[in-house]
Amino acid sequence: MSSHAAHVPVLPQDSPQDHGQASPATGPARVRRATPASRGAAIAFALWVLMAASLPWWGESSWMREFVEFSCYFILAMMWNLLAGYGGMVSVGQQAFFGLGGYVMLALGNLAGLNPFLAIPLAAVAAAALAVPVSRIAFRLQGGYFAIGTWVIAEVFRLTLANIPAVGGGSGTSLTALRGMDRDLRELLTYGTALACVVLCIVGLHVFLRSQRGLALQAIRDNEVAAESQGIAVARMKLAVYVVAAAGCGAAGALYFVSNLRISPDAAFGVQWTAFAIFIVVVGGIGTLEGPMLGAVLFWLLNKFLADYGTWYQIGLGLLAVTVVIGFRQGLWGWLRQRSGIELLPTRRWLVGEGVEDVPRR
Amino acid sequence: AGPTVRIGYVSPQTGPLAAFAEPDRFTIEQFRKATAGGILIGGTRHTVELVVKDSQSNPNKAGSAAADLILRDKVDLVIASATPATCNPVADQCELNGTPCITNDAPWQPYFFGRKGDPKTGFEWTAHFFWGLEDVVGGFTSLWGQAGGARTVGALWPNDEDGNAWGDAKMGFPPALKAKGFKLVDRGRFQSPINDFSTFIREFKQQGVEIVTGVVPPPDFANFWNQAGQQGFQPKVVTVAKATEFPAAVAAFGDRAEGLTVELMWSPGFPYTSTMSGLSSQKLAEAYTAATGRPWIVTLGFKQALFEVAIDVLRRSAERSPQAIRQALFTTKLTTTVGPVDFRTGPVPGISKTPLVVGQWKKRGKAMDLLIVDNTLAPQIPRQAALEPVRYGA
Amino acid sequence: MSTTPLIQTAGLQAGYGDAQALFGIDFSLDAGEVVAVIGANGAGKSTFLKALTGLVQVPEAAVRFQGRPIGGLPPGRIVRQGLAMVPEGRRLFPSLSVEENLRMGERAGRAGPWSLERLYRLFPILRDKRHQPGTALSGGQQQMVAIGRALMSNPLALLCDELSLGLAPIVIREIYDALPAIVAEGMSVVIVEQDVGLAQRMSRRVYCFQEGRVALHGLSAALSREQISAAYFGV
Amino acid sequence: MIDVIVQGLLLGGLYALFAQGLSVMFGVMRLTNIAQGDFIVLAAFGAVALAPRVGGNPLWVGLLLVPTGFGLGWLLQHRLLNRVLGKDPLPSLVVTFGLSIIVQNALQELFSADPRALDAGDLATRSLQLGEVSVGLLPLLILLTALGCTAALQWLFTRTATGRAFRAVSDDRDIAELMGLDARRVCATATGVAGAVIALAGTFQALRTTVAPSDGPSLLLFAFEAVIIGGMGSMWGTLIGALVLGVTQQIGFQADPGWGVGFGHLVFLAVLVVRPQGLFPRTRG
Amino acid sequence: MTAQPPLLRLQGVSKRYGAVTVTDDITLEVREGETLGILGPNGAGKTTLFNLISGDVRLDRGQVLYDGRDITALRPHQRCRAGIGRSYQVPQPFGHMTVFENLVTAACFGAGLAERAAWDLAQQVLEQTGLRTQANRPAGALTLLDRKRLELARALATRPRLLLLDEIAGGLTEHEAQQLVDELRRIKAAGVTMVWIEHVVHALLAIADRLFVINFGARLAEGAPQAVMQDADVRRVYMGMES
């Protein structure tokens, strides 16, 4: 298309060593990071947060409960997306941290007498802490083998907790720390925590992905060798992402079992947690922030209306995931974006200036 | 249309525990027939609506299904059955949300202590009827008393709700066996699923085990039983719960199922009649086979009884409010398909115990049938055959 | 051979999805002939070779080989008819050893003068490395394997995409020195080459592509540098 | 102790059959088949459903299933999995994960959650007495089959044109096609081979124990551990990995029945830490 | 210039793959500001030498000294931050990121710049390497040649003191090659030290201060370009000319 001849490089006045303004030859260019749609999205998001925050005053308590469960899936999905969609680490073992978060919360509540709501952040911290040694093992594997390897690790977690009688062993146990708390207060607190987690998750991830670290992460996903040679500490970055994802999953697990009140190794470390996260991300659109949100809403709708169909529902979810991967690799959001050119939560840096092509219009 | 009363029902229709829920469709059909004309509650005729949820054999799902029933479907009464993995989370949710709840088909200790109940006060909203560990211990040991001098028992207890309760050093088998002079060989809780039992078999052979007991998921027991065959381990009596309760699982063993013994909480031989369908146990089993083409199954009786109690509670309730229904629930006194249910007489408040006997699989024509061979604990239920030691082929 | 050209295209159009890369190429290659295709980057040279070998979809009649239409056939069928390509960028099979890579050429199932033995004589270094995986070779060695692999299918026509790219002068010489011998076996060759001088020297005729069209075409010996320069940049 | 090891090796034989399908598909297509365990269960149910119709010795059912497994594998790859191959492992992971869920639930819908088994007749309980140790005839047969499969697959991969085609396609599909291969068919053949082994594995699993629709994942994990312990890429490595896993689990059971399988997992993780390339990685030249 | 220590010094560096020694006890110095050309037959071990300098491959024996410091133990990203930028013979772009983002990444992490400063540098490099019109295009969609150009651009965006270039002139037309040489001259004039592997010898000769020839992983010749090109061994081994 463009032959080199068309752009005879102009002698830069300054050397690459001491850098100054962009060369004026083709006119100044600026960097754009927002789109008209993204400004609208920001306003819509703020409105949504306000509305959600006021829900306890006008909504029904069953809505709050639903939101809490839904937010656990959502956080899991966002974390899995961070890990797989941005970090290139396809894990099938995030239930390890989900379950761990639940158990840490339960142990702190039942055994140490801590308020379970205060235990949620501690559960996240515990999951993060444990992710560090776990990564040493998991990172030995790549690609599909990493996926199953993480699953084995989750199994080890499950077996370990199944052999600890203090938390009920294989049979699991109930969260007694919340007995005696007023039901309305409990529901309000649970809902508030869930909403806070969701907002933190969305805002935090968006800010992170727009930052330099986010850039580094995408570079690593595209080409590890090159990323390393461009000055990116690949190992540290991957570890950081793994740890953050573990913390998020830990928080989601703690939150889930605070609202569910009963835990058992099979329930806490079931692979279905990760399966749902994968479903949400893949159907919504992997490697985007909007995708999992869309996917989570879709999953919630399907679950609400079709979950009673049992096996057929599960078969349907499986088929849908397979179909999306084969037919719309980019997921629902990717497809929408391609058709409409809309960027709601842009993380890119576009160069806007004379002669530069391919800038999103919306 | 008049007011509606809603009942929520949770059971493991899919997943590894699905065998327990096999009679669901049949029983629900009968329930619908029985309540087609509505129920009189406090003098008002209420239309009855049943909302069914699948726990997918997942305690987690069971809990959220119960929460959905209470908060979204706004049911007045929740019922659930089949193993502590279903009953406990459902009951926990009901307790928390102040909804009356009836459960069955899980030994009462794992139900009660697994939920950290207080034996003095019991639970506020949840009641449960089934037998307890003391019954199964009593039944098994009495059966083994018939086995002519066999005193060494090998245990297969997995690390799950049931296995942990059965093997519990305080309330489970170990102290009882000791008291009755049996020698116990217990290698500890195993993690199910387990592919290989040779370490168990080796130990059992070395210690001269003649009786094998446990509460084992079907695939695990199949492994054990095949490997016992391969390694020439031939115990006289094999009384293993769960694995050998279901006809389909037993059919998988072919001839080698003959002589296996198992606790029996209901069978066509039970001398009780359903208050819901009016069928005797024998007739109930026949109706089931006629409707489904399958042999009768032990959980059939408990499904029937669960719905019987639910209808009874609603009928006796003064009005359609949680408090009134709870009041009626805890004052239940009803003789159901599986025997009398009365939550005030139980070992702890809110628990009612039902009779338990022991059965043995015997060949009848081509198929296997489960016949009552020991009724020491419940003499009102007639014995159908004598215990025979397990026979081994040439 | 008769007067039908070995390869002939008429108004060949091809592209990638929405992006058309070739806009009506008329081209012919006679048996025993060496033809060079030159042109600036992105002119469509590689796309042209891919279109001939079935890696890019084209209408059936757009490409004729020995007079038969082969456009749109899967690559495997085309190579079996005797049209082999040395792809741009070597593209060896990393998990096959060098020798196994070479023997992949045999899959076309064509008999002819080229055998492992002959190849090792042409590129002796490959004999030493024959049990190494393809990835363990240097860029230049990989290029040799790529050529060898194509030759092993004993094609009637060999299509070479940027053979000299990344090769030491000695290897370029070796390879181009080998070319007459290869042609002498009755093979026809299309070379895509950036080195215009080399292309002119090695070929009988030259096609110069520019933005997906043939900008210049003629006998190599007859074309002047100025003509070629003009065709290159469209001035 | 000898008994523990012998029983472990016998168990390992079964794991080897579980693992080989995984190994083949990864080796040829870099495709990690998460549904491996569920396919084994599917085969087992196939055997269970077929046995009464065929009658006679259930081993015949296994032999009958082998071509069926090949055919189904072939079709699966040709129609579905070929579309998700590529450098990015994600699409194939998601698709096989989806398949796993579909197979599990479809089996449950068809056969209910009840565990099933193949009646092996007296083969299930016959054994050879070797001194102190009694070796079950069926496990022995399984181990021998695993050995046979390993040898056959290794030969196929390294010595035959088919094997070369497998590897060529795994590296670069376009170029493989340029060499006259039909990549889609080659991949389909590889999955067909995996399917054939899976058919055997499923039949043996149904003979040795019972199978339930939800058993797949644990079988997958055993298969996977065997592949990694052995070192990827060589069939003998996979076999040895499986045997090591079997013995390890036995030792675990001996020490504490709650930790048998878990001990297998731990040893697997330990191998990863100490020798990430596996005990017997593929060596060349 | 000669008084100060060399910017880069390889001290007895060796690397083996299995039984094959691909880098055989090489000792080599590069002075600040100098442009060193590296020549050698295919498979001589040139790229491997770069891999050892950039840290992508660990050496078996020897030492790498940079700016007077022993960097043998440093990871590639640390070496990059210390000022060693490189391009790859087989381009390794961040395929899903735009060309501009590729450069911003290098500027952020290689040059250690803050976001805004990184944008400025990236733009400047875009101009310099003629990639400006492609700035928002995914790097994976570039033609082979533009990818090679991006390799150079990205290395420049790390603001290297030492620039390692692996065959960036291959496939260029004569005219393009001339432009490339001009560009490298400017970079050199700005004080960047360069090591350039190239088979397009005339391009290399146009700029190199010194040549280093490798054969079978070992040094074959070293010295002033004209002298090296006249060397009988070099002519025989590399150019294929008997003299």
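As written, the chain order gives the labels A, B, C, D and E, with residue 1 at the start of each chain.
Going forward, a contact is a pair of C-beta atoms (placed from the backbone, for glycine too) under 8 Å apart; a residue touches a chain by one contact, two chains touch by 3 or more.
Everything quoted here is computed from the prediction, not taken from an experiment.
A.B. asks: Moving only between chains that touch, what is the shortest number of steps from subunit A to subunit B?
C.D. replies: When the steps are counted carefully, the minimum from subunit A to subunit B is 1.
A.B. asks: Going by C-alpha centroids, which chain is farthest from subunit A? Tell me that one.
C.D. replies: C
A.B. asks: For the pairs A-E and B-D, output the one whose chains share more C-beta pairs in contact.
C.D. replies: The comparison resolves to A-E.
A.B. asks: Indicate the whole-number Å distance between the mean C-alpha point of subunit A and the mean C-alpha point of subunit C.
C.D. replies: 48
A.B. asks: Subunit B to subunit E: how many Å between their CA centres?
C.D. replies: Those two chain centres are 75 Å apart.
A.B. asks: For subunit A and subunit D, let me know how many angstrom lie between their CA-based centres, rounded off.
C.D. replies: A distance of 33 Å separates the two centres.
A.B. asks: Could you check subunit B for residues that touch two or more other chains and list them?
C.D. replies: Subunit B, residues with two or more chain partners: 14, 159, 189, 191.
A.B. asks: Note the residues in subunit D that touch 2 or more other chains, in rising order.
C.D. replies: In subunit D, the residues touching two or more other chains are 105, 108, 258-259, 261-262, 285.
A.B. asks: At least two partner chains per residue is the criterion; list those residues in subunit A.
C.D. replies: 1-5, 159, 162-163, 311
A.B. asks: Any idea which subunit B residues touch subunit D in the complex?
C.D. replies: Subunit B reaches subunit D through residues 14-19, 22, 57, 159, 187-191, 193-196, 198-200, 202, 218-219, 222-223, 226-227, 229-232, 246, 248-249, 252-254, 256, 393.
A.B. asks: Mind listing the subunit C positions that touch subunit E in their complex?
C.D. replies: That would be residues 40-42, 88-89, 125, 136-141, 143, 162, 165-171, 173-174, 194, 196, 232 of subunit C.
A.B. asks: Across the complex, what residues on subunit A touch subunit B?
C.D. replies: 61-62, 65-66, 69, 159, 162-163, 168-174, 176, 183, 260-262, 264, 266-268, 270, 272, 308, 310-311
A.B. asks: Over in the complex, which subunit D residues touch subunit C? Could you list them?
C.D. replies: Spelled out, the residues of subunit D in touch with subunit C are 161, 164-165, 167-168, 170-172, 174-182, 284-285.
A.B. asks: Which bits of subunit A are touching subunit D when the two form their complex?
C.D. replies: 84, 90, 92, 136-137, 140-141, 143-145, 147-149, 151-153, 155-156, 159-160, 162-163, 271, 275, 278, 282, 286, 311-312, 314-315, 317-319, 321-322, 325-326, 329
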